[in-house]
């Protein structure tokens, strides 16, 4: 499969290219409840998000900063399960394609339990190779377009890559500031949808500036066709502008949105409005950076 | 010096023989004050004590039980010093001869301080040989008749033995239930005044019975001329009787008297009366044991 | 290289059968490759005399070799020969220093400028702080706020050794959160920082690296038991939390198929998981866990059917972990290691029994192995080696509290515990 | 006999020059003679293989030999070679076990049925309780009520090892009273009981007996320093309370007249005695004491001019004693050992410095030697051996409290001591 082919097949890639420069947003499903998530996703969709990542909460989110970790804890306390998550997605109707972002163990455990498999005479199959299929299948069925697994480096990704290919889902990989040389090539040969460019070392979390690492990473990635979106620490329209200016095809914003949800607490229409406004601000920033001039919205 | 000679020279031995069976009493000087001690000694003298041991308090009385240890602490808290002790003795006029009972360090430290000796060009002299002399000299001057040092076994007693001989003081040794054979002979060859027969293993303290060890010890000592007095745990007239019956020449009573002092607290005429009565009871007991019949006193 | 057995470790594989691997954020992958490279050069090839220096420092600073002691009264009690491997005598009071010193030294050889580590009860944290002080390496320890409050003496020890102790307030403020937080620090500072992981867990090459530093336990024990009895043991017992003392004790005996290797886990108060509460009242991962990925490796886990990691529980803080080393999972899966467990009570009795009969106060972790011995000695053959992984001074308060509320047959009189 | 140097101990004398002797109640004299006999037969002549068994148990149970470690950062700091003798690694955490195990084993050989011992801070008590448990000997420890309340963890350790802890309520309820009480027990039960005295103090033959068990420290150190440096040290430093670790470290070096031996005492807050209060704000007996008799021996003492023993004071409980071993008094009197002292503050700084620079938390007792090193290293020659007599885990609370109220240059940031 060539880069071109991947590109052609990908709903996600298409969404980025069509809405260039693209805004990709993240929130945690189930924070503070699945009902609220539906509202929030729709608000982001209205606000201008071109792709929406939904976090499926996992109890040990080692790649997240404190903001998203807290969101995950709220979602887990609210009783969010993978099945609840998929049912949420089943019912969502957004313009923006949806991706699921979760940790590898959640993929592995989804599907028939060990006990069930045993009763079906299936227990012999090694879980780590076989067991991501039920998750991917269900994700495809729910209408998700892609998967991001922050604790799954390319070296361990073969089983998931295969399952995703089988079901036509994109598998997005993260390119870190430390990713270079052979490893970079390997990742870029596996990635589909877009390359998630990690703006700086560390974890997710809103920050006040754009790091140098971002510029370096984008330079290293220049030669690759796949779209590049930059995340980790993007929180304002101005960051978005700067990042797009530096050559990215999209910006990814998570913690800044989760902060809004956290501030508003449970079941809150104002939160949806704020999310929509924030998405709009970020989208405007991205466009500004991409040279597409957009007027400021009227003050309310 | 033969046994006979020792016997002939000893005021203490004479007191025991003349008042046979003898009562020997112990109290701690300075408990609760030196003034009280004067009164108490006189009371014991009146009550029938034939010899009076006065404890010069030392901070680490390893041979004493809790009763006498507490008396020593009271005496030290009251500020009792060796010089105060000797001044007390200077002024005492009792029929019964007096002995001082104290620990070896008190003898060693008495007299000119190291600094004083240094200024007198005397500091070179090893203290452990030389320094008991000032104490013995002062004891003799105060009119004491003998010395008992419970932490000085015969093996270490040469310097003190010499000083006592020089000043005509008796040096009383303790014979323990564990003292046998060669060691017993050695002690008996050094003892003067009387042999202090330790009634049982352990420390001083009033007890409710007379131990078998007492009988065994008296049997072992039969062949020696010097008078034997039994102490450690004697508290009642009946004990005294039993001990004398077993062959002792005297009984030594301490803790039972110290208990009386402790019960009465500070500066108390009733304490003196009680001590006198107790001494009388014990003396009667001793006499009864010795076959000398004594009528009970009238009830008050 | 001086020890040819070590060739078994040079398979270049990131996995042990289906377990292990490298499930970490992309940003850490280059650091793992760098570490793998360092592991091969310095540890396996003894480049620049690394292993010589490690062994020398473990001798002079760490107090190795530790004795293998015949337990006279246990031998009598069980009517067979019982020997204790005395890791409680290692500097710091547990086998933890074997690993901590090895890794800090390796970080030095790698040119790293800074050490981070997680700690739960504080044992690994204190060992790392000691090693870092000894080797003059700046050191930060992440520790849950709850654990900090429960384990003040260990916090003081770390601070006295010059380490910073960073409180982790997320979640329940215990080991899991501390690991997560340390990973985050590492992900941020990976270029100049080495993460000294505390057991044979985590992504490749950590499990092999830590095994390499800990397997001195079994290497010594093997030589010592031969010298003392002229033969090899019938069985070896070690407690298993993450499993570093376990693999440490077992590794040299793995090829001897007729030596039984028992990994004794914390049975806690029950072996069942409460799915609704997300709580396992035990830490018996090898005995009851299912396969999954945690903290960088595929291994056996205590998890809900959904894949959420549950909260483990044990009277012994050092065993209280929902994962386990991937190599142990593999050795259990292949039948080479037998996973067993004893409940809290048996461990507490084991603690009291060794204290009382042998004059050795064992760590509550190690007490699990002793509890298992009491209940199963008849099946362990004529010659048993028990790894006493650490000393129990750190556990006195816990044992007092737990003893007060139970009727423990091996505990001394209750008045012991008059704590006015 | 295997070690010919030991002939120096066979002089049959009960004294060291004018010090020593047997100033005890008559009832104990036969027991001392019995002990002297046992000392000569079992210890000096190795009858029935006593010393072989002792050495084997000290190896397997006690963890001997302890390392002699080069202190890299202290060596750099002082620009000379500094080596640490690591008695902190002995089972129980201090050199105390060398003596306790030796005496309990000897009691067994003597057919005694019961052990008593005094303890102050609890170090000797815990060592004795461990040894007694190990050798299956009933054991009672006398401990002042005040000390019991101050040192709960050590009380628990003793109880867990199966020893009875008898509270002594007399006087101030500290070490002196506990010794007196133990002597009383012994005087009562002497026929079946052995009194395991806790330092090189007491009547003959205790000082020689304890020396024999402790001198392994210097014997090992001598061999180790030769092996590591090819030469003998210029000076040896050890703290001195009763002086057992001191004599232990010095004994093998006494014949080498050009090796300086420094006994570092607790200078407390001042070297003056307050006669009126009967209090010495220090425990610097060798440096400031005068000759007298205490606890069975002629030695140097802290006493009033009247001869009353005064209360000593030190931040370190294990040095807080008004007497000192008679052999040390003799070695000081003859000029072979130099008595020195450092105040509490220097010891606290020494504690922090070693913890921080070397990753070893020393006992506060041992910290006195380290405090002296800091202040006087220039006079100690090119090669210095410091005896680290024990570990400092037991001292954490004290150090925290004492550090809070002082401005100690070697202490870590004050926030360390945030003890919410």
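A few remarks follow.
In order of appearance the chains are A, B, C and D, and numbering begins at 1 in each one.
The rule is short, and it goes like this: a contact is a pair of C-beta atoms (placed from the backbone, for glycine too) under 8 Å apart; a residue touches a chain by one contact, two chains touch by 3 or more.
Since this is a predicted model, take the numbers as computed values, not measurements.
In a view that ignores subunit C, the other chains are joined by touching into A | B, D. Of all chains in the assembly, none touches subunit A and also subunit C.
Distance between chain centres (mean CA atoms), subunit A to subunit B: 97 Å.
Centre-to-centre, using mean CA coordinates, subunit B is 37 Å away from subunit D.
Note: centroid distance subunit A to subunit D, computed from Cα atoms, is 66 Å. In whole angstrom, the spacing between the mean C-alpha positions of subunit B and subunit C is 66. Residues 58-63, 65-66, 69-70, 73, 76, 81-82, 103-106, 108-110, 113-114, 126-129, 150-156, 173-180, 183, 187, 198, 201-203 of subunit B touch subunit D in their complex. Remark: subunit C residues 59-61, 63, 66-70, 72-73, 86, 88-89, 91, 93, 129-136, 149, 152-153, 156-157, 159-162, 352, 355-361, 393, 396, 399-400, 412, 416-417, 419-420 touch subunit D in the complex.
Only residues 14, 18, 21-31, 33, 170-171, 176, 179-180, 183-184, 187-191, 278, 290-296, 298, 301, 303, 305-309 of subunit D touch subunit B when the two sit together in their complex.
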